[in-house]
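There are two complexes below, and they share chain A, which is joined by chain B in the first and by chain C in the second.
Up next, the complex of A and B:
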């Protein structure tokens, strides 16, 4: 399979006055599995549809392996596309759905009937739907339908594979299975793949590379661990999952938060309003204040879920503000924490941003 | 057996009661009167060559009108659903005019347009085409009154189609023409056929709009409903009911056939279209 890289330069899209995409530049390497992650309205689906040729950019260019595809028709781009709601041909059997892309080829490029049949069987096997070729789409479950859609898009041996929220319409269990299966499939086929999702867990779990979009702009790009371990902005912290927000002021010693000062290596001007982000599992609790700086908190709720205990605590320096802490069951039991206990929270890892950045 | 959907006996009873009063009893009465007048009268009425000519015209003109409405009704529904243009709502409302207009009004309007001295008729006359008082005129009148059926049947189906399905076909390399043939048409065919069947049935029974433009020349431009009216005007009730009974039987057979075809095609056609593109 000759798979291709995708390069996007200066893509801008406006619908009237609203700018959906603002000067997007990105590269998807050959054979890479890339996730476009973002909240709804971030422009990620528009970008994907542009790569497919279903939408047209107001400005900018799209290249497959260095060939400018910007003005090439969708039908001539040779992309595989999987829609969130499957978009199967309901009046055709599963095998005819899969064969469609081969049958509509021009006569001189069209494989023979027996070649098509063997390709269809090969794909049915690949997507683990052997024996279901004679069914109609309405006789399949959601997960099966999506696998048919995937097989159909792979039949034309696409240069790139694009998936628009492919698991969005499925329930949690099927979703997890298909996620893992997509990874394996990608390893087997090696086709350059871009998939759009709003689910950060899905993006971090499946992709080699993640690009986070918000309001038509790329906020951060990197490997899943880059993205999770070092979010580059308050938006990223809030989008990637629950992080505690601690408002404070920058001082010469560090960040002053409600009477405690946290040492910070970040260059912030003295007296500036700042906000620090701390993940719940990056906070530890102790019954004594110890010698380092700790926030005094009152435990208001404990909620064990399997091996992890979720704890809510009220900050005593700012009575209205709560923080969330995650401890392992073992640590929780050792400390014998009870609701109402006054404890001391130690922030082990945090990241600080200027407050005006946060205000935007 | 316990039914999950309640109310079957009551609603079924009501349906039968209603259908009996509105449809079955009048039809049975029709057949009853026909039989009452004796076999010979019946035989004489239905072997009249004028009736054969009228039946041929009624069925063929209605059939052609239904085909024309199938093609153009689909086109109109397509434009109304898929494009936005100025005056779309007004256009959409005008589709139903042939329903609302008293058919005689339509007949008079069409006749004056297509008569040799009418706007369109005067343009066609030099070409040697005569519309008014010919079977062509009958077909035009029947096309006019049948237009709304196909449009109104196809519109909601077309609107409910997921455009992503067409996008998917396009991304797999299908040309717009292939997409229409393999994806859209199979899904629309049941609605088109249903609309055409209704238009056909309506055309068979149509009287008002046709009699003016047809000219009613015996053996040439007489339609079956006109023959019935003629018999009634001569107080030949037995003859009128005999023709009506023949018409009823033929219509029923044709409509039944159309429904079976529709049912069969809606299952088969998708598959056939795929096969033919091989």
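Up next, the complex of A and C:
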């Protein structure tokens, strides 16, 4: 397959007064699997539809392998597009759905009937739907439908493959299976792939590269581990979830949170309101106060799940906020923690941001 | 009373009304048509004036329905696949013929195209006659039947969205191919249903046509007008005969409609 890179420069999109996308620049390398991640209304789907030519930019350009595609019609872009709700042609059999893109080609480019048939069979095999070619879409499960949609989009040997929330309409179980399978499929075909999702777990699990969008702007881009390990803003922490938010004040020594000062390497002005983010597994607990363990908490809930114990505790300082802590089952048992215990927490790793820019 | 006791009562009321207002009149038409024997019935629907009325009615259907199919498809396409200024206005405008009395519709055309109307002088000078002629009848019928096909297609196409069309587009199909291979198969039963309703109304329209036709026997008389004239001339058997023929058209369309509805549900 002749797959291509995608370069987007200065893409802006207004719908009337609302700016859906603000000066977006990004590159998807040839053969890469990239996730566009963001909450609803972030502009991620609009951006994807622009790459496909289903939507037009107010400003900016889109290149496939250095060729400017900005003014090329959707039908001439040779992209594979997979929709959240499959968009299969319900009056056509599975095999005719898959063959559609080949059959509508101009006569001189159109493969022969037998070539089309063998291509359809090859694709049915690729998406593990051998023997279902004679069915109608209504006779398939959601996961099967989406695989047909994928096969259909791959039939035209697209330069790039675009997927809009491809697993959004499926059950959790099928979703997990399919996204693993998408990774495998991507390895097999090697086609440059961009998929849109609002599910962080999905993006981090599947993609080589993740771009997080919010409010029409790129907030952060990087590999899944870059994104998970070092979120660059309060928005990122909140969006990725699974982090405790501790409000405090910057001091010369560090950050003062509820009367406890945490050492911070970050340069912050004295007296400034700040907010720190701590992941639940980056907090340790002790029964007695020590050099490190100084944040006094009362254990309000313990919930063991397999090897991990999820703990909820209430801060006993001024803030009275709840924090979440994750301990290994072993540590939890050694400390013999019970609900109602007063304990001391140590924040092992945290990141601090100025508070004013986002506080509500 | 709980809902269970309502059930037979409601069914009874429904059947009572249907019998009183639908089945009984149909039966009377049937009896009336054959009250003077089969020969009178046959003569009544084959004599020249009747034949012309039938011909004219079918002509109106043949002109009106294809034009409205074209209009309905374009309007529904525009209204459901695009967002534009004036979209709501267009939806409202399409429904106006439902709200306006057909007699008013007829009068509007007289005011526009009649001898003393806005365009009357110009039309007369150019030897074009619309009012009291076939074009007027077609225009009036078109006005009255305008919403039928569009109203059938708009909700259907709205519900279907544009995903399938967009998929077709990204797969390399142009607009016409997409319409023919993707859109049309998805809306065909709804479209057919609209066509049936539109035809039935075009055949039966009385009010608007009556105003613009002038009722010239053998020239501008459609079937409903013909029935009324016969009735006013005390030719009851003849009037009922033509009425029966129209009712058969109507029953025929209802049967097709039932079939189409079932197909629509299955599809």
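Everything below uses one rule, namely that the second predicted complex is superposed on the first by the 357 of 360 C-alpha atoms of A that agree within 3 Å, B and C clash if a C-alpha of one lies under 4 Å from a C-alpha of the other, contacts with A are read in each partner's own complex, and residues count from 1 in each chain.
In this text, contacts are C-beta pairs under 8 Å (C-beta built on N, C-alpha and C of every residue); 3 or more make two chains touch, one makes a residue touch a chain.
Everything numeric here is computed off the predicted structure, so don't read it as measured data.
Aligning the two structures on chain A places chain B and chain C in clashing positions.
In the superposition on chain A, A:242 makes contact with neither chain B nor chain C.
When the two complexes are overlaid on their common chain A, residue A:115 makes contact with neither chain B nor chain C. Touch criterion not met for A:225: it reaches neither chain B nor chain C. In the superposed model, A:93 makes contact with chain B only, not with chain C. By the document's definition of touching, neither partner reaches A:328: not chain B, not chain C. Contacts of chain A with chain B, set against its contacts with chain C after fitting on chain A, overlap at residues 52-54, 74-81, 83, 85, 87-91, 100-101, 104-105, 149, 152-153, 155-156.
The touching residues of chain A, when paired with chain B in their complex, are 52-54, 74-81, 83, 85, 87-93, 96, 100-101, 103-105, 113, 149, 152-153, 155-156. Per the touch definition, chain C reaches chain A in the complex via residues 163-164, 166-174, 177, 181-182, 185-186, 267. Residues of chain B touching chain A in their complex: 162, 164-165, 167-175, 178, 182-183, 186-187, 269-271, 274, 277-278. Of all the residues in chain A, the ones that touch chain C in their complex are 52-54, 74-81, 83, 85, 87-91, 100-101, 104-105, 149, 152-153, 155-156.
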